[in-house]
């Protein structure tokens, strides 16, 4: 079965990560180029997998060690996984190219290893079909994220990493309790089988298990009370890593929550969990937007904005309707592109002008017009101006939200996005119409990436049909669990 | 069938949580964290225990239905490894923190806020 | 037919090209073409539109955007593109950068799209585009005013989005036609309760009220209108405020029957229409009073524009067919005379660089053509009979009094009196009296601006003398012989107005007076200083004119009311919410890991309690 | 047309009503408007004329605050140079068939203030007086008689003070400049600037 | 096609109106004098004054608009007159209704203001300010009175109102419209610029207000305009509230009656200051107007 190449998606980063210490002799430059090559390779494979999945329409199932699913661990690369693995790969490639230029802190081989492990973890979380395997990949992502946050070796970085570690640790322990409870009552770890047997679990254990799993993943997916670590982690991490955090690390957590949520549909108190999640998601959007209003540091401001957009995705996924999930996935794609653009731009300015405080951005239009233009496109898109990509997904989410009956939730989110408009437009005004400065030379590679992403934003904005069709397929992949169970070749083993 | 081990595991988890929530010193918090992890591992193992059966080492005397359910034990192995990794990482970060901030009191480590 | 596509998107395309090729000559030519094409195509499509509305559907991102050029949308689009063409000529003279052209033409596309679109997603998309483009024009010059404008209009837009969502949830459709049918059927079904209809009505009212500048939401208008390139403001207040008014018509078309069924009538008037009428009346009175007391020429016209749009709201609020006819006619007349006013202001500011009345004066000799255009605009706005302004105001009077809304009609009387006052204030402040020495070398406005003014002045005269032309078309919109009479006469059940005869009477009167004037001794020109100051000799340094707070007595008479101002209220509200946001941030993200873990523990507690219940 | 002639003398042709001259002459006689400008001690003598007892309104006489519309200029009492400046400016603002009625002896020869340094002895040297009423503040009857005399003069056309002022304007101008000094209008105006 | 009869009628009415206007101004001065037990000028005194002003040998001008102002004012007054049904002569009144006439009666104010403003004299500027404020102040009660009338008779056309009054008795007989008439009468006082509201041309304060720079033929034109205006306004008052007239004599009597009410009020009351006037107009007349309007709805 030629599907087996898909397992390379996991194998390649793992092997190349452990291969890094061996090539330490090539020197700093060599490692960085090596990193870029690996990520390029990964993008190639991901693109090939994406093309195959979307052309044949059937998901690729990779059985570890040839064992049939309930016994063996399987990778289930459906429409969603194919799309998102490609996004993970592409964003990692861009960040790799960016870090070639931007990474100055010395132990570069450690950086490369952690970078690859982070990418591996995220890809694994998205592709896996087994909940404990999900836990393991989540831990890999988490640990590499802790390390990378502390990578700058400054006081703040260490503090942020500590916070992330403690909250992440608590979260993952409770996630493990949830997994244990589910395994205890169902006897299986495979997602497809869980979905089949979820109906006949005894209600209290199912309720507690589901709640704990969702709680564990919610810490990773930055929902309201649990996301206190996120702004610090985003701010303190190196600029390249923040791009990866916001573009796909959070999304992996979100996908996992959505996947497990919709798997356990048959559980009695499913709707109460949904209502709780919708409430938490709306609060995330509102609190994060309010927090971003008077920020002095642009990177922290965009971190809050990213948290609020992620909250909006969680709101969409937790609506419990097909339209909601499709809109959520569409917003995931758009958000990834826009936030990658914004964080890359801010990181670039941060390094070139030293620091990402608002003062450096005064009159950026005169100093670095290309970056300023890209940042403007990014912020306009983030606000939700028509002819840019987030407008389409935001409209879809809000209409799905009202259709699902959460009119008050939608009203609050709209109020929050008014606040978002205010601070983004203040940012644009600061860039173009305030402050002076003479024109500086801007790097070619970075400007090329920024302009490519900006062009992508505008193209999706003007012609969103293609991406919307992808999002619909990916959404249905998560939503109708029946199809998911049919796709996974379950071996008939006694419970 | 709620066996007595569940109570032990859950109490361990709560003790760990208590330590993280109340203790001011970073190291004590980390110790609390690892206690919680051991509690979770204990819960995981105890779920797989079927009373009156021996350890899941397949030898001639013990077949699949004489031994206890092996899968949770396998899971616990990986969970322990992960616990070790996180605690090691946390301690190294704590060392940097002490170097930079000169204190381990959680109240003072608050440069990133608002 | 893709004519609609051409009408809609040529301005945007031209804007982008003008921004791309940002050179002196090229940018202007592209901009002019971009602004002229919609008007040309609209005129070409006129015969087609008369029989059957032209339709066009476009599928974007899973939504089907339907556009329709019916009689009503043709009317609004024609008004907008006329003012747009004048704006383009104005921009040739006043704007120096491609930035202005890009966003001016983008808002032009937005407004045309709003008028032509037949489904809510297209409507909302182009509404947002219009708001964003006009916001960017203001952002360039003043951040505070532009943010105030953007926040208010975004609150309006999002209110509309919420209403669209509710409608979609209830009727399952997004395009106007199906929603209309669904709501009519729904009257008997009753799925949408009374409370929800009121919610929908208030949401739509806020959305369109913000754009039209109804009183509680008019706060953005003075700042936004004055802080941008003045020739763009001609379009901003001439055409963009019509989008808000078009929205009110949309409420009538879509939810009219439903609102009637739910809210019933009040003293013989539709309750919801009565509310709109009273909002319009209050807007007219409040805005006109504020306009009279302004010291800055742009602020004066901004408040006056808000007041005039209040007239249109009032006319639609009356609810009778004559009310709609009056309102629609006033849409046209407001667009032309207000557009003309703003172009005159653009000329003045371009040539003198001053915007306050105290620094200006005696420009009549220096800028004769602009003065003549200003006089036409003054006559039209004040509602002097031979002008278009009077014809539409006359129709609104007829409608309001016929529909037995006396106090609302009283508001129009007061409003038109105040309009007369602030328009004369403009004449005195800018054109007459002693000329400050620095303005000696002021020259006439550049040619393109003069051309722009003539484009808007001619319709003022033509539709003033022959209002029948416009009412003829309006009858076609309202599908009924609402306003009778031929080209020169307007006949309604209770009154007639023969514009031609009134003009001829005025001409006769002028001729007689002219004869009396010519008979007397030849008048010799006398310098300004030869004036009676109780016998004191007067030199140039004397300040012979009152240009600062001209209406101080009125301010003293209104002293009680002027203590309260909507503006300060909104500023305090904004500051309050920003401080709340800051406090929330400090409280929640206080940097202490312990408190963060407490948050986690609290969530666990909630889960535990919820699990137990 | 009006053009500024030599040293500020404004010369322009006047309107000649050939056909209606007698009608206008009658109208001028029957409607004399007094310029509300009271100088010296006679100012208080004018209001009694307007009361029911004498009522000059019977003859169409009406006080009018604006010089542009006024015809009859009453000089009621002594004239100091300071007041004379205002009188000259107001007189020149009045439109043409205008007449001056001087009350009391002061305008004629300085009267009681014959030796005062600050009184204009002979008003006629500065502005053309048509009718002068003797008496140190003539009684209302005398003033009424003076007005009757003025109306008779207008009737037969001999009240031509305005024509005399126009024809020999240099004479009057020279006397005025002699009294006040050259360019006194600007100097006077500049003195007021401090207050405005 | 030219309707000679109409043209002759128009010319006749115009001459009659101007003449009677001057006589009304004469009556005004004569009545005031008689009240003060003075003999007072002959009735035709305003005609003499206008002739004298017209007969001035020189006249000065402050620019084109300064000349255009009075001419426009007189033209507008003449136009307004043509649309009021004078006794049995329906001049153009079939082509315009109440609102058009009400607006045409206000247009001369703009003409005077134009001229006054361009004269560049501070007194005239204060006069313009006061004129506009009075107009603004009186607009609300004026409108309410008209609305009450229209609502009662249900039509805007003056000729129809006259016919209805002929049939059902004068407007004054209706209680609601009586209140409207009182309001209209107060406003009428301000429109004529008589005593309590002659703030515009406050003779002692700002020396003839807007008309301070006007002399010679400009003043003559303004006087004729004032004459035509008085005739038009009194005729308007008579048509609206006193049931129009079948012949000129009846109209004349009604006009003089109205005029005398105004004169009696004028000769008693001292002058309002402008903000007192504004406050007054927005207090009593407006309340009365609202009552009248609510009674007739």
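Going by the order they are written in, the chains are A, B, C, D and E; count residues from 1 in each one.
Note that contacts are C-beta pairs under 8 Å (C-beta built on N, C-alpha and C of every residue); 3 or more make two chains touch, one makes a residue touch a chain.
Bear in mind the structure is a predicted one, so any value in this text is a computation, not a measurement.
Considering every other chain in turn, the ones in contact with both subunit B and subunit E prove to be C.
The leading chain pair by number of C-beta pairs in contact is C-E. The greatest centre-to-centre gap from subunit B, using C-alpha centroids, is found for D. Chain centres computed from CA atoms place D at the largest separation from subunit A. Chain C has its Cα centroid nearest to the centroid of all protein Cα atoms in the structure. If you average the CA atoms of subunit C and of subunit E, the two centres end up 35 Å from each other.
Computed centre separation for the pair subunit A/subunit D is 97 angstrom, with centres defined by C-alpha atoms. Inter-chain centre distance (subunit B to subunit C, centres taken as mean C-alpha positions): 67 Å. Per-chain CA centroids place subunit B at a distance of 116 Å from subunit D. In subunit E, 54, 56-60, 207, 212-213, 216 are the positions where the chain touches two or more neighbouring chains simultaneously.
Listed for subunit A are residues 162, 166, 170, 231-232, each touching two or more other chains.
In subunit D, the residues touching two or more other chains are 12, 14-15, 66-68. By the definition given earlier, chain contacts exist for A-B, A-C, B-C, C-D, C-E, D-E. Residue ranges on subunit A touching subunit C, taken from their complex, read 162-163, 166-167, 170-171, 174, 204, 207-208, 211-212, 215, 219, 225-226, 228-229, 231-232, 272, 276, 287, 290-291, 293-294, 380, 384-387, 391-392, 395-396, 398-399, 401-403, 405, 407, 410-411, 414-415, 417-419, 421-422, 425-426, 428-429, 433-434, 463-465, 468, 472. Within the complex formed with subunit B, the subunit A residues making contact are 132, 136, 139, 142-143, 146-147, 150, 153-156, 158-162, 165-166, 168-170, 172-173, 176-177, 179-181, 183-184, 189, 231-232, 235-236. Residues 29, 33, 36-42, 45, 48-49, 51-60, 203-204, 207-208, 211-216, 219 of subunit E are the ones that touch subunit D when the two sit in their complex.
Looking at the complex, you find that subunit C touches subunit B at residues 585-586, 589-594, 597-598, 601.
Taken in their complex, subunit B has these residues touching subunit C: 17, 20-21, 24, 29, 106-107, 109-114.
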